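Each of the two complexes below includes subunit A, the first together with subunit B, the second together with subunit C.
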Partner chain A sequence: MAGIEKYGAVKLVTRRGFVVGALRALCLTLLGWLGGAAFLRWKCLGVDGTWACGACPDRAACRFAAALPSKPASGRRMVWQLDPKKCIQCGGCAVNCVRQPSAVKCVHSFEMCGYCRLCFGFFQPGAKTLTSAAENQLCPTGAIRRKFIEEPYYEYTIDESLCIGCGRCVKGCAAFGNGSLMLQVRHDLCLNCNECAIARRCPASAFSLVPADRPYLFKPQAGKGQP
Partner chain B sequence: MKTFLNTALAAGAVAVLIAAMYFLFSRPCREPACSAGYDAAALKRTDPALVLESSLKIIRPRMTNLAAIAVDRGGNIYAGSDAGVEILDSNGTHVASFTAVGPVRCLAVTPDNLVLAGGGDSVAVYAGDGALEKTFCTGAPESMITSVVGASNFVFAADCARRVIWRFDRAGGAPLVIGERDGDQRKAGFVVPSVSFDLAAAADGSLWAVNPGEHRLEHFSGDGRFISSWGKAGLAAPEFCGCCNPAHIALGPGGSFVTSEKHIVRIKVYDKSGVFKGVVCGAEDWPGEAAAPDIAVDPAGRVLALDRRANAIRIYTLATPW
Partner chain C sequence: MKIYAALFALLLAVLSARGENRFPMPQFESGYAMPAAAEPGAHPGLFEALDAAVLLGALSLAAWLVLRRRSRRGVLLLSVFSLLYFGFWRRGCICPVGSIQNVALWLFDGGYVIPLSAAAFFILPLAFALLFGRVFCAAVCPLGAVQDLVVLFPVRIPRHLARALGFFPYLFLALGVLLASAGAGFMICRYDPFVAFFRLSGDLAALAAGAALLLLGVFVARPYCRFMCPYGVLLNWMSRLSKWHASIYPDECVQCRLCERACPFDAILVPNSSLVPEPREKGARRLTALLALLPFLALAGGWAGASLDAKLSANHPVVRQADALKGAPAASGSFKSKMLESFALGGGKAEDVRARAAAVREKIRLGGWIAGGFLGAALGLGLIGVSIRRSRDSYEPDRGECLSCARCFMSCPREHLRLRGGGKIEPENGGAHGG
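On to the complex of A and B.
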């Protein structure tokens, strides 16, 4: 017996020793997992604030982009969208998206629009004249087109190639108009990241995953809940 | 020694776990980012120098979901809701109530104390005790009555969907359309971008109507002839801003005007020529509100404003005589 113990063929383990060993293994596993996760997060935050594995210089250049679209366990494909009713037009969509210019664009609900001559989504507050002169326009990139329809109605359309999703026009329209201008994630541009960089920073928590077959969220029409 | 090491390791792991959970799952920014360079809140501040001195009294009708208010010549207050109309005396004491045939969206009381309740495409006329006397219908599809007033000979109803004013005789017949856009576009008609389109009847039987898209008040004779207008678009206090303001108007003693605006929610007073006199209450008094309160002026000159959120009526008594 003494010889057997000497060579370690049978090593008696006490109950206390087993618990301590298990605890130690658990702690080490946790430490490893947390350290790895923290490292990835630190590394990814270092790449223009995006979530990525750290290998890519840019999320848009990810070599495993096919794995990025969110697919919940149910199998129904979900996409990111922002709720215009929650949006506070903070300007974060323009700067936080991994796509530049942002995949968030201003969209116009013509059913809600008043076709006003004085559009507070188009004109700077206190504009001297109601013309399309650059100094009168609220949009920093001139992405809104103003077209005369008939006296005194004008149509406003968005040039999405110029829109950066800053939401200035949306803020003006919501504050003083019918709220027909609103921000939406354009799904032909969105990479549908697993964790949307804008959603992570959205102060109004306006972003959520919505079913891909109903990818846009609009506000109710005037007279159906709008002031 | 071994136990000490195990304890230290466990404590360290827990500390790292807490720190890492905080680091991983806390949102990096919970504060609003720098705004998009457009401070709408600054535009909503009211200059205290423009605020008229007044005292405030709040009364609470029993009915809920209030949508409109009106005052009769005796100072009684009428509040319309989805359920019907409630009548209160000038102190806010409940007097009576009756059920309406449909939701009440606008309300008026004629000089002979008939209650006019508008909603949808019709105006229901009730006797003072709530008995339905007759109903005026525009007969036009898609009509949406947003305001109704009763003059001595006629009843006028503003139709925001068709952007016209309907005039009926007291029997509900002979409808006349006022302010229609003409075919050759010499008259642009009313510009009504939203459901804000209000009327007020003057003591002489003429009619004041808001042209909300043009930010002005227009004066019509009883037979629908345009007489004059005043009002200007802008952000300054004497002006009307937004897509469609003023949303509501009421006539005060001596023909002066009280206006109620949405978005920058404020109630203002103008003299009979349209010269700005001051602000009764500004956006600061309506926090979180975007819709314009319906307003009325009682014979004593008090300004009544409907606070839909609180289901109450605010009564402002101005210190300065009208």
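On to the complex of A and C.
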């Protein structure tokens, strides 16, 4: 057969070759369709489930080509974040992250802080003296710095290089304070795994994918609405 | 201790009833400037486009190296690059193996927006397999590359055993797609044995499994690729339909038998036209019996899959929550008690959770029928594939199993002739299906 083909014009197709070729064309078409559909969805669908273009009420007026640059690319990317409102500070974030130490850290929302002298996020329950001596501190790694500002107020800052994301301080602050300490996924550390290992083991189902241009979910402040 | 806890709970209840900001923000007199909470941004989205571009480039280069250059060294170098880039630098996420689940979730769940990179990672290797064979496995997949580097003393495992183990990828694929499409997590990512190496951190079990597989891979070449990889199933199908495919010899087979032992994956098919053929009648009878068996296998598989619904749906968070609500009070500190605590915090209704869990279970039961039916059909078709013999006059790679790693090329004397001649020889067996 190869001999005949050399002379051109004659192209033999066996039955098997024909079926295989047809299946191949079908598969390529399907893959192409899949890619096109994924692209359309990525481009036209807003991350909160709405159509970015306004749902194209009039198909003829659909400005498909013009829609692409109108939305920042980061708005279509999704990253993992945990919702402090659902979080029960179980300590799972510290141990379940694929990174050690965890990409979840405690963040301090200063606008919500009461600057208490007796901070339940900082001190062990029943601490004898209110000093930053190691035996008084709740944080297992001593990652919270306590600084005197003026009587009777103290500022608390998190040293993120020490924080392991165990959430003990968050629990204390949520129970007796304003709840200004919160666990959040730090996106400079998070690898954004396809399946977040913490999310899978989170008893409160507090993890979800959020748009990358609004990647933090601090608690709304009392009386002020969304941060 | 108990009294302490009770007092604590009481205080908690009283305080939380008063709402947030129990202690108002002080009015500072010393001119204190409040620092802002740090919010470091995510990695720029540019990376995703770059990943897809690198993937496309690496696939094209791999196809060229395998089909045109016929260079094992080139394939090896490219696979080292892929291991470094997709593995250690991008830390193994996202990979095409896991992207199956993103696609499954996207197709079954309207609310999920698939990352464009995940779609590209799913589609591109399959499209290349349709055109050039499994060049992705040869040189682009980081999971394959890390195993390929340790193939030092490959032993041949018995054909029957390899065939039987080859069923596991189907199982893995069916389960992974079923759970992902039901929103019950990404199982394939969870059991990725090498991603812990790529990240250089992970739990002990994952690292141990990866190390064990690599150790096994010294003797049994690429164990994950051949006996676990769910994406390999899809690539296998696509590669069987491939337009072009790597061939052992550059021009023609001289039947010297030198390549017979060259493939560590046992993917070289030997000529069989000289063997005495089986009587036609006997073969036809067996084929009829197997074809008749096929629907029963599919049904049995479907039934088995559906009856596993309780086990499978326990992976879904809503079902787990419903199960936690149902049972006896849990010991404090257990996962169940944490779950109940979070449920109490959320203030939802137990009936709602139960209804949602029942819906999920129903969905997974239906999915179990489909996945089990698929597995039964795959088993039946596999049996048929084993029982049919197609005649071959020369040594050929098994298009489905061949990973296009280019190891066999140098065992062919015609290849040495080609290299010495320096000239290019047009591969005549381009569209081998025509012959």
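Basically, the second predicted complex is superposed on the first by the 146 of 227 C-alpha atoms of A that agree within 3 Å, B and C clash if a C-alpha of one lies under 4 Å from a C-alpha of the other, contacts with A are read in each partner's own complex, and residues count from 1 in each chain.
As a convention for this text, a contact is a pair of C-beta atoms (placed from the backbone, for glycine too) under 8 Å apart; a residue touches a chain by one contact, two chains touch by 3 or more.
This is a predicted model, so every value here is computed, not measured.
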{"item": "Which superposed partner A:31 touches (first subunit B, second subunit C, both, neither)", "value": "both"}
{"item": "Subunit B versus subunit C as contact partner of A:167, first or second or both or neither", "value": "first"}
{"item": "Touching partner for A:14 - first (subunit B), second (subunit C), both, neither", "value": "second"}
{"item": "Which superposed partner A:118 touches (first subunit B, second subunit C, both, neither)", "value": "first"}
{"item": "Partner chain in contact with A:23 - subunit B first, subunit C second, else both or neither", "value": "both"}
{"item": "Partner chain in contact with A:100 - subunit B first, subunit C second, else both or neither", "value": "second"}
{"item": "Contacts of A:183 with subunit B and subunit C, given as first, second, both or neither", "value": "neither"}
{"item": "Which partner, subunit B or subunit C, touches more subunit A residues", "value": "C"}
{"item": "Subunit B versus subunit C as contact partner of A:175, first or second or both or neither", "value": "both"}
{"item": "Partner chain(s) touched by A:108 [first = subunit B, second = subunit C, both, neither]", "value": "second"}
{"item": "Overlap of subunit C and subunit B interfaces on subunit A (superposed complexes)", "value": "20, 23-24, 27, 31, 34-35, 38, 41, 49, 88, 90, 113-116, 150, 153, 175-178, 200, 203-204, 222-223"}
{"item": "Complex contact set, residues of subunit B against subunit A", "value": "6, 9-10, 12-13, 16-17, 20, 23-24, 27-38, 40, 43-44, 144, 185, 188, 191, 193-195, 213-215, 233-235, 241-244, 262-264, 290-292"}
{"item": "Of all residues in subunit A, those that touch subunit B in their complex", "value": "20, 23-24, 27, 30-31, 34-35, 37-38, 41, 49, 88-92, 94-95, 113-120, 125-126, 138, 140, 150-153, 166-168, 171-172, 175-178, 200-201, 203-204, 222-223, 226-227"}
{"item": "Interface residues, subunit C side, partner subunit A - complex", "value": "8, 11-12, 15-16, 19-26, 28-30, 32, 34-45, 48, 91, 93-94, 98-99, 101-103, 106, 111, 113-116, 118-120, 122-123, 126-127, 130, 185-186, 189-190, 195-196, 199, 201-202, 238, 240-243, 317, 321, 335, 338-339, 341-342, 345-346, 428, 431, 433-435"}
{"item": "Residues of subunit A defined as touching subunit C within the complex", "value": "1-2, 12-14, 16-17, 20-21, 23-24, 27-28, 31, 34-35, 38-39, 41-42, 45, 47, 49, 73-74, 76-79, 86, 88, 90, 98-100, 107-116, 149-150, 153, 155, 157, 160, 175-179, 186-188, 190-195, 200, 203-206, 212, 215-216, 218-219, 221-223"}
